[in-house]
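Worksheet for the structure shown next.
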């Protein structure tokens, strides 16, 4: 159990850094995952830019976005925790969430233009991308999602989908596990970049058919492409000297259990392969 | 006092390098701050690209943009010192100023198109972004702001705002302290990039409401987001090997005073947190 | 023979990394070459992102895209091997193939707009760039080229040319040798970037005349520009610490044979010059 | 004399690498300078990408683009030497020349659209940018400038100006010395980038007045901005590990002569300051 949690915190630090290194999150934004053995909790860093998150920065929260144990003195959590908590509460199938203000998404957040899947990797946007406007329910705000009712409203807007745009603010992405989340965050971003370029060319957009979207979505989520992409992004972190420190106790634990440990999550397997 | 000044010079070197590293200033442009204890003076580097400024490059000037003591032989100051001096003179609430020719601002400097806040971080442009045309008062020039009357004219154009565009030249940004200045310089730049992309898509722009702009502006200036962003940018400098050398005497001084020193400026606190 | 193969695997690892480092291939995509002495085989990495391919990752396949010897346990090949096998089968003059989803090509894959040679280096697109739509023969798929008949269909679409666009998916590029392939992959990509920019400017495109295309094509394929470009890209890998490990046995072999070894392929010569 | 030449070769290697590092020249393109004491000769690298040029790669040529002494066996010169030789022959005031295919220039080379000075640094394009079309005199070619009569034609097109666009090929830039050349190459490139962005916004362009262009041109060429920019670009090379090796004999020579050597060119002075 303790080992599962240590591994989860390490994997989450890696995920934070990948989405930063690949250019999607800057100083702001955050990435969380559901607790590996306690589905009524989630893990997320203290208030820190994802690019510099370490495993030791990660704390546990209830689905009401309250710390499981009080944070140490001087440590503060993110302001928008309810984005994560309310989505985990509403969607038991979601085990990882990212919120970002990536520059290629913001034009869609501003104009409300519909995101469309324009190549096979873009199928990861899902069948539909809902659009949430905080002003509809809450009027003028600072645009952040700070109150439980704001988080719940966003979770309702997400509905059964995997990506929701937030008016003049950013996007929230979800996955069934951390690897899938990182994959979706990056490839929905590439698809948004592509849509911007296609529009600037003045061509009518030619999206995937619904059948192609579904088949490509399934293919992308198979173990081989998921593992290959996670290895690629992890290796890039390593080569750049950006890979988070590995907790010292883990390797001992792991070698002792190597032949027997049952590995539960695809995420952990992939992290190890990298 | 001496320690305050040493810290200020170090912080200012860091600020110079951050705005360079984040892609806004190239060989030209400059960043200054008001003297921490003498509001009738400001600190700015000798004529050197901000990317390579060290604390030891930073000299003191009066608000008439004259060096407090003559510069050492062979050392020259920037040509456009009056941008800084005249703004500090006109606006006691401003304690840090940056001038740049960032490529994402120049199209607005050329066309005169109005900058609008297009996402919550873009609220940092302020309520309005005035536009200054040197030709109105001075006719054909080399476009630089070299004479006191040119600096004073620019300061008048800035008026009560925090960012002024300069026709076919660049922009000048102001802050109440150095952290706020760096934050505003970077996020107004991101907002300009966003506006360029939105326009190239052919969509009508959908700016924040005045209420949203005000609320987002306030939120962005709270200690938590300010500290988080400064830590992020500082860490990026460190990882890239771009962080300026720390003066050797400071750490001794600091450890001696650690329990008692009263910390005056938010900027200094944040710098230490990084 | 063994030495030829070791050299080929090393060269292929370098080629994989060059096209990644120059920004054309990300986690997905692949680069292959025909076996240096067995034209009925080709060499390609196991399922791994080109950016991290080592010589030891490279295996031999028949032109029916079957491994010559079974892959070691736990090792999997790429899903789209038939792109390579079917092209080598159909085109004896092609000895190297790359498949990618480079972002500058995707708008053309989406819109079907014709790629045109817009500067002398862009002549490497060839006389014509055919467009393949998997839906014409296969209806809704996940857009990947997974079955032999899909690979054969793509090879027929390529016909006598050297670059084929794949609807909402990517591109496949071919060369007579590995150096030429890398050169074509990179400069056809630059030409696509240029075409995007020209279109966004709203100017009518002014392509090379057929005579200019032919003369520039020939010039670009001469040994001097080919060697110069390969040295450049290899040096960039080396400087970035991205050059693949050189197999330890090769240098001994090489120094022993240095005066006498007959060097068959231009590719190998260039690799050595770098 | 020997020392002058060694310094010139070093400076030229630095200049080659700066324009590469700043993103203007890739595998192709070249930078030359007139011999520091023999105006009937020029210095240029052997056929090698500018990014990897060392001082030891640089050879002397006559203004007829012939090597002063035969190149060592296996060493080849650039194909387009006549660009340099013919311009030095026609323009005694020009002492440094760069030829490149920078991506931001190519849309103008394709469309023939006039380059305009859109900010004060863009004044370095000069009063006018002529456009040369090789087809006018030579019909279909491979677009390279390979024959003396082609080089002479290009030099005539350049006329009394400092930058000439070459149809569907690239640009050639000139300076009175190497520092000025690098400065002009980089800032004319930034101006071209700006013009592309302005056009994509759909705004009418608002160029400098002729008076502003002239005054900004003069200001940019003063020693202070020239030295500051050269220091900046040199430091960036150093920090990136891209600075060329300094010849071992030079420092000895220099320290011996330090108090007395007469320094002829501004370029050399600036190089030393960096």
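Letters A, B, C and D name the chains as they come in the text, with residue numbers starting at 1 for each one.
Going forward, contacts are C-beta pairs under 8 Å (C-beta built on N, C-alpha and C of every residue); 3 or more make two chains touch, one makes a residue touch a chain.
All values derive from a computational prediction rather than experimental measurement.
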For this session: Going chain by chain, each one touching the next, work out the least steps from chain B to chain C.
Result: 2
Problem set entry | Relative to chain D, chain with the most remote C-alpha centre | A
Exercise. Is it true that over half of the residue numbers where chain B touches chain D are used by both copies, so same, or is it different?
Worked result: different
For this session: Would you mind pulling out the distance in Å between where the CA atoms of chain A average out and where those of chain C do?
Result: 33
Problem set entry | chain A-chain D separation of Cα centroids, rounded to whole Å | 47
Exercise. Residue numbers in chain B touching 2 or more other chains?
Worked result: 200
For this session: For this assembly, give the contact graph shape among line, ring, star, complete and other.
Result: ring
Exercise. When you check every pair of chains, which ones turn out to touch?
Worked result: A-B, A-C, B-D, C-D
For this session: Please give the residue numbers of chain B that touch chain A in the complex, ascending.
Result: 118-121, 190, 193-194, 197-198, 200-206, 208-209, 211-212, 215-216, 218-219, 224-225, 228-229, 231-233, 235-236, 239
For this session: Within their complex, state which residues of chain D touch chain C.
Result: 26-28, 47-49, 51-52, 76, 79, 101, 103, 106-107, 109-113, 135, 139-144, 168-170, 196, 199-200, 241-242
